[in-house]
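Across the two complexes that follow, chain A remains constant while its partner is chain B and subsequently chain C.
And now, the complex of A and B:
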């Protein structure tokens, strides 16, 4: 008999906090799918106009659209959890007082909104 | 007698650094990029002509795009997949590390090559 403690592959199913952790880890998968789509898009762009059009057609596939919609939701979920982490890992002190965590979280969301504005400007500006 | 110990410098800070930088990019850049290139463009809400896309990407900005939107998020994503596999009790740790980090490195290198070839 061995006294080494062993964990089963399904250890995380026993507790809701562990399940939430695994769900968060899972957001890496749709992200990777989108990155592969994007990489293929860049390749098509380098191949010429016909390939570029073809890539856009492939991106219209309902299954691809669905996974990318999940990736979009996953990126927002990741942002939401990641931004809460920052004030805890790196509290910022200004003039002797600690900047409130809520301000740092809001600042990071402002960053997301500015990137959105930048990309929107590239398309519509 | 003083025993001489040999310390091997760990390469883990590199992977955690790339993971952390990629985490920022994933949170700040990716929502907009996925929304526009992954959803609005295929749905026809916005359009992007070949000439315009090509001129924009095969410039300095293309390299920034590859770094911030593909390479760093790829290392972030595969770092998490690596550790999720450890969490699921897969024992081949060295192999998993090579496969995940190798995949991220290959994807990044491929995109940079595409950029470089298109630029020349």
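And now, the complex of A and C:
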């Protein structure tokens, strides 16, 4: 005779490691909102100038701006967690020795900075 | 000094449901939780049941939940719980047979399923015994993943295993990866169908808590997620016809 404990819906509230995990997964929701905005924007562009102007007005709504600001912060947070996990998932060996995790993390952030620089140059350069 | 220790008891012949029982245990700076359980069994309550063997975090027998965290009872001291108090429960996500004794059958089945041994086609039927030569670099590839002591803490730390007991789980997938990385092994093709399956590596969502609780720093989360890379490569190769 034995009993099998079952997980409740609130299992993740019992432990800080699980809360951090859920926060990481939760970043997908504001990013989904941003992607929807982007997709509607592209569709509006195809519908003509009036639709495009209308989409731009909606994008300047303070609530939309706020959610997109949250999405931006969430994507940076998710990147931070992802970059830390990357060296453990794909350890890179060069000449028989493993590349230090810190070097791989730094390399990924260097990639982010260069993408930001490219975007800044495209729009404001 | 004394510490009140609450233990989740389960005595199927007395009650259908588990219940809590508190014992007051004397301790000093060197008293481990396992020492405390031995004191309770010898001095206070001989009906208490728990598993133990080596007392030094080698055998992996005394895994339990202490204040909700999977940990080896021999590997932690009472002095660290003077302020928080202590609740001891059996390892999470496993059926409980009695008190702190869990049924590890599913864990052992999963271990067996990954063929955790060297598979070497050349060696079969050979009558002479020759050493399997391996360079330090080849050993370095898998050595960390071979330190597992089968204590089961990672399974209690894994919510995916808690939600789906069919999930092969951290330790077994790590062991599969350990043999796949071994230069003496040729059994990867036999292990891949299990790793690729619904219950294999892809059920892992990299919660990562398994690696935090591992008493041997095996980092099962890394091994399982490295297996995803192997699994994806395996799929790509089969789609391109590079593998029969």
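Quick note on the criterion: the second predicted complex is superposed on the first by the 121 of 125 C-alpha atoms of A that agree within 3 Å, B and C clash if a C-alpha of one lies under 4 Å from a C-alpha of the other, contacts with A are read in each partner's own complex, and residues count from 1 in each chain.
Methods note: contacts are C-beta pairs under 8 Å (C-beta built on N, C-alpha and C of every residue); 3 or more make two chains touch, one makes a residue touch a chain.
Quick caveat: nothing in here was measured; it's all calculated off a predicted structure.
**Q** Looking at the overlay on chain A, is there a clash between chain B and chain C, or do the two fit?
**A** fit
**Q** May I ask you to decide whether A:23 touches chain B, chain C, both, or neither, giving the answer as first, second, both or neither?
**A** After superposing on A, A:23 lies clear of both chain B and chain C.
**Q** One more residue to check, A:75. First (chain B), second (chain C), both or neither?
**A** In the superposition, A:75 touches chain B alone.
**Q** Just chain B (first), just chain C (second), both, or neither: which does A:119 touch?
**A** A:119 contacts chain B only, not chain C.
**Q** Now for A:110: first (chain B), second (chain C), both, or neither, which partner does it touch?
**A** Neither chain B nor chain C is touched by A:110.
**Q** Now for A:13: first (chain B), second (chain C), both, or neither, which partner does it touch?
**A** In the superposed model, A:13 contacts neither chain B nor chain C.
**Q** Hey, is it chain B or chain C that touches more of chain A?
**A** Looking at chain B versus chain C, the one contacting more residues of chain A is B.
**Q** When the two structures are overlaid on chain A, which partner does A:56 contact: first (chain B), second (chain C), both, or neither?
**A** So A:56 only meets chain B here.
**Q** Just to confirm the geometry: in the superposition, how small does the C-alpha gap between chain B and chain C get, in angstrom?
**A** Value for chain B versus chain C, nearest C-alpha atoms: 6 Å.
**Q** What is the shared patch of chain A, the residues that chain B and chain C both contact?
**A** 7, 11-12, 25
**Q** Report the residues of chain A in contact with chain C in the complex, numbered from low to high.
**A** Result: residues 1-5, 7, 11-12, 14-15, 17-18, 21, 25, 85, 88-91, 96 of chain A touch chain C.
**Q** Applying the document's contact rule, which stretches of chain A touch chain B when the two form their complex?
**A** Residue positions touching the partner: 7-9, 11-12, 22, 25-26, 28-29, 31-32, 34-39, 41-43, 45-46, 48-49, 52-53, 56, 59-60, 64-65, 68-69, 71-72, 75-76, 78-79, 82-83, 108, 111-112, 115-116, 118-120, 122-124.
**Q** Which positions of chain C touch chain A when the two form their complex?
**A** Listed in rising order, the residues of chain C that touch chain A are 10, 12, 16-18, 68-69, 92-97, 103, 137, 159, 162-163, 205-209, 212, 219, 221-222, 225-226, 228-229.
**Q** Tell me, which parts of chain B touch chain A in their complex?
**A** The contact residues of chain B facing chain A are 23-24, 26-43, 46, 48, 50, 53-54, 56-58, 66, 69-70, 73-74, 76-78, 80-81, 83-84, 87-89, 107, 110-111, 114-115, 117-118.
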